[in-house]
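Okay, so chain A shows up in both of these, paired with chain B first and chain C after.
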Partner chain A sequence: MCLAIPARVTALEDGDMAVVALEGIKKRISVALLEDVAVDDFVLVHVGYALHKVSPEEAERTLAMMAEAGVLQEELAEIAEGQA
Partner chain B sequence: MKYVDEYRNRDLARTLADAIRREARAERSYHIMEFCGGHTHAIFRYGVQGLMPGNVKYVHGPGCPVCVLPVRRLDDAVEIAEHHDVILCTYGDMMRVPGTKQRSLIRAKAEGADIRMVYSTLDALKIARDNPERQVVFFAIGFETTTPPTAVAIKQAKAEGLQNFSVFCNHVLTPAAIAHILGSPDVQETGAVQIDGFLGPSHVSSVIGSRPYEAAARLYRKPVVIAGFEPLDVMQSTLMVIRQINEGRHDVENEYTRVVTRDGNTKAQSLVNDVLEMRDSFEWRGLGSVPDSALKIRDAYQFFDAEKRFEISQKQSREVKSCECPAILRGVKRPSDCKLFGTVCTPENPMGACMVSSEGACAAYWTYARHQTIAEAKAKREQKPEAVA
Partner chain C sequence: MSLEGLVEILIPMDPQERITVHYSEPFDPELVLKGKSRTEAVRLIPLLYSVCGTAHAAAAVRALGIEGSVGKELVREALVMMERAREHVFRMALGWPALIQREPDQSIGKLALPMLPDFSKAMDPDGAAFLAGSDAPPDYSKARQVNADMRRLVEDGIFSEPLEAWLQRDRASVLEDWVEREASIAARVIGCLVQQNIAGLADVPAVYLCDTDLADAWSGYEGEGAQVPETSVMERRLTNHLLQGCVRPALVDRYLVRLVDLAETIRELEEMLKEPSNWSIGEREQIAGTGTANTARGRLTHLAKIAGDTIDGYRIVSPTRWNFAENGIAAGCLNALPPLPAGGRLLIANWIVGAIDPCVRHEIRGV
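And now, the complex of A and B:
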């Protein structure tokens, strides 16, 4: 439950919301916890909120590690279930 | 995939293991508590313990949010769902945790309570908007990583004037738990738990920064190293803890500088501070009552506080008998000390939260060391025949 998954911001929306791309999934998340998020930034997403910006390298590395550990699919399934 | 290769490089793991072996002095032992369930899993999944010399031991800490929630608060949530005809929203991990008499949220749901699993507080808000005639309660649990999303949801509900949304707040604080463990009789008096240093959590620290650990490190003279959750991060951080111990230092160091700073995410902190305030004390499974260790909703937002909106009865709550979760969360016991492990208690039929949550120690032992743990538990039972009766 404490996992955070890196994703790339593809669009910013009103009300501190943004769309991120995550392994082919598009997801609306909140960016209310971050200052100055821009399109193409990589962010760590936790329970639907961007918690932190990360470098593209860190994002790539973390995704690969999660995939290898078999937790990426679980996280993606949970995220896909969200309704917002 | 240059970076990936670099970081998963087995040679690097071996080099780090060699460095740890050289650094760890044969005449003493090093007991390092990894606070966070994510680290427990990394240690198991990658066999990190096996790479360590015999005198370097990991002690599993209480950093599993589902595990530390006391049965009483879970019982309260079940009561809110059943007696007040609300829609209770909760993170998936919570659903199967057994409460008193093994009543879980999922069982209450099967018996007709309207309990819904959500991925995010955003989903809970949406359910409230879509069901204006129903009361919607978000059952909030978690450490500092999960707290800011709760605070934002409460602020949002206020801004929208959502009359039918409230939060049952159970957010807890990591540094308070670390200080409590270090000051506990288990560590200070009886010696039931030896802790020489800590691996600090990664994502929690990305929010709160490394500064909040400094007081406990200084007071109890134990080093804390904030560790990323990749196996090489864990090993590098272990080396840093061992070095500090050898040099007689007890600083807060940060191995996970890729994400964590000393000050953390100040915007998230101020949102939390705006909506939530310290409780005088809060009950943790295993740790008991811990002062200044949890948050409640401020008066300015009390309209959204489920504890104020719904009457909750005083009742007797009880842990499942023989479940060793409380002692495991203190670091006093391991899952192999539990006679229910793998016999009565499995992930399909969990008796305690430590087996339910993917971050729990029992779930980690089950996933990565099931057979060995069952064998050890069996051996212990046979040594103490009275324990089986």
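And now, the complex of A and C:
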């Protein structure tokens, strides 16, 4: 259902590819459609492509909302780690 | 549980055995929305589903009874249409090439990406289209320009000819002349179906959600063995001459209808924006607590239960929920294939799944 889970970019690779952390799993996605994606950026992923960059604040808000519902503890832990 | 949801298609090695489809629902939005006010819910839903957030927001305001003026309804509808057109372009440019072992056309994806935000800025300058109350007037001139850019992009990159020229073709002309020119990925995809002699496969009788009472459809869903109705762009485009009425749409029809819907959506948006004051909401099924929006994959339904001022229950029924149900159209198409070795069934299953197109990740496995 095209859920908008913000995924944090953990590594950039050749050929406009990147590794993101999503639901505690590392995934390879394409960042070819976006300009200037950097490690630690948050992106929304759809059909294997990063389609939007979201600010850390927005990512945190969305993830907190999901966490409030009792899910996504791992992502929140990663954000806290990234901000430490 | 995966938050994203998953469609699993299991293909037994024995060609006589039934192919099974299993859909795991993504994250349950009720967990977030229960206890919230209607206004809060409308603000939160596009955050949860921001990739297709416009359609979700449109379905949500209808389910939550957040009425808008005719002008506001026009803005909402126009935004949903632009999102639908962009999603078709993404699928055709980025998803379809894999079916014919080609690289995705990222240049088209890159050009399509900003069109929805640009269109939103023009139609909904203060971002209030899905909230109650009045809002800033749309910049129709700018919106028309973005839609014209979308038309140019799909004429150059998808149809490789003007939309009207393509829509005026008859079926034979599309399946022979247009595909033989191989001028775009879309033409090559349709051509590949024809050349591989699989265009006519998976032609099962269709039962559409638009012809079914929602309550009946739901009980069919839960009843054992009953066929679950499909929802797809086919419902809206059945009368198009290229689809021949489609009582039994075959594999090629399911790809053609995407192209028809893309071309017609852009043209309908042009008409709507040409004389906005002439636009009317038209007939819309009104069921309290139910809201729908027409997406690139079919009808998206939101169901809301309100107690006092807050949300007591919330359910989202995506097109994938219907189409990839155990007895849904995907399972019907997959099991209508002639007996083939598992490898052949796997190959064609990819085409079928690509045509019906789940909105969550999918896996096709031989077992």
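Rule of thumb we're sticking to: the second predicted complex is superposed on the first by the 63 of 84 C-alpha atoms of A that agree within 3 Å, B and C clash if a C-alpha of one lies under 4 Å from a C-alpha of the other, contacts with A are read in each partner's own complex, and residues count from 1 in each chain.
We adopt the following convention: a residue touches a chain if its C-beta (ideal position, glycine included) is under 8 Å from a C-beta of that chain, and two chains touch if they have at least 3 such contacts.
Remember, it's a predicted structure, so these values are computed and weren't measured experimentally.
Once the two complexes are laid over each other on the shared chain, residue contacts for A:Glu13 go to neither chain B nor chain C. By the touch criterion stated above, A:Ala64 is placed in contact with chain B alone, chain C being left untouched.
When the two complexes are overlaid on their common chain A, residue A:Ile5 makes contact with chain C while staying clear of chain B. Of the two partner chains placed by superposition, chain B and chain C are both touched by A:His52.
Where the contact sets of chain A with chain B and with chain C meet, they give residues 1-4, 30, 32-34, 44, 46-49, 51-52, 58, 61-62, 65, 68-69. On chain B, the positions that touch chain A within their shared complex are 1, 3-4, 7-8, 36-38, 42, 45, 63, 65-66, 91-93, 117-123, 125-127, 142-143, 145-146, 148-149, 152, 201, 203-204, 206-207, 230, 258-259, 265, 267-268, 271, 357-359.
Residues 1-5, 16, 22-23, 30, 32-34, 44, 46-49, 51-52, 58, 61-62, 65-66, 68-72 of chain A are the ones that touch chain C when the two sit in their complex.
Considering their complex, residues 1-4, 28-30, 32-35, 44, 46-49, 51-52, 54-55, 57-58, 60-62, 64-65, 68-69, 74, 78-79, 81-84 of chain A touch chain B.
Across the interface of their complex, chain A is touched by residues 2-5, 26-28, 31-32, 44, 47-53, 90-91, 94-95, 104, 106, 109-110, 113, 316, 318, 320, 359-360 of chain C.
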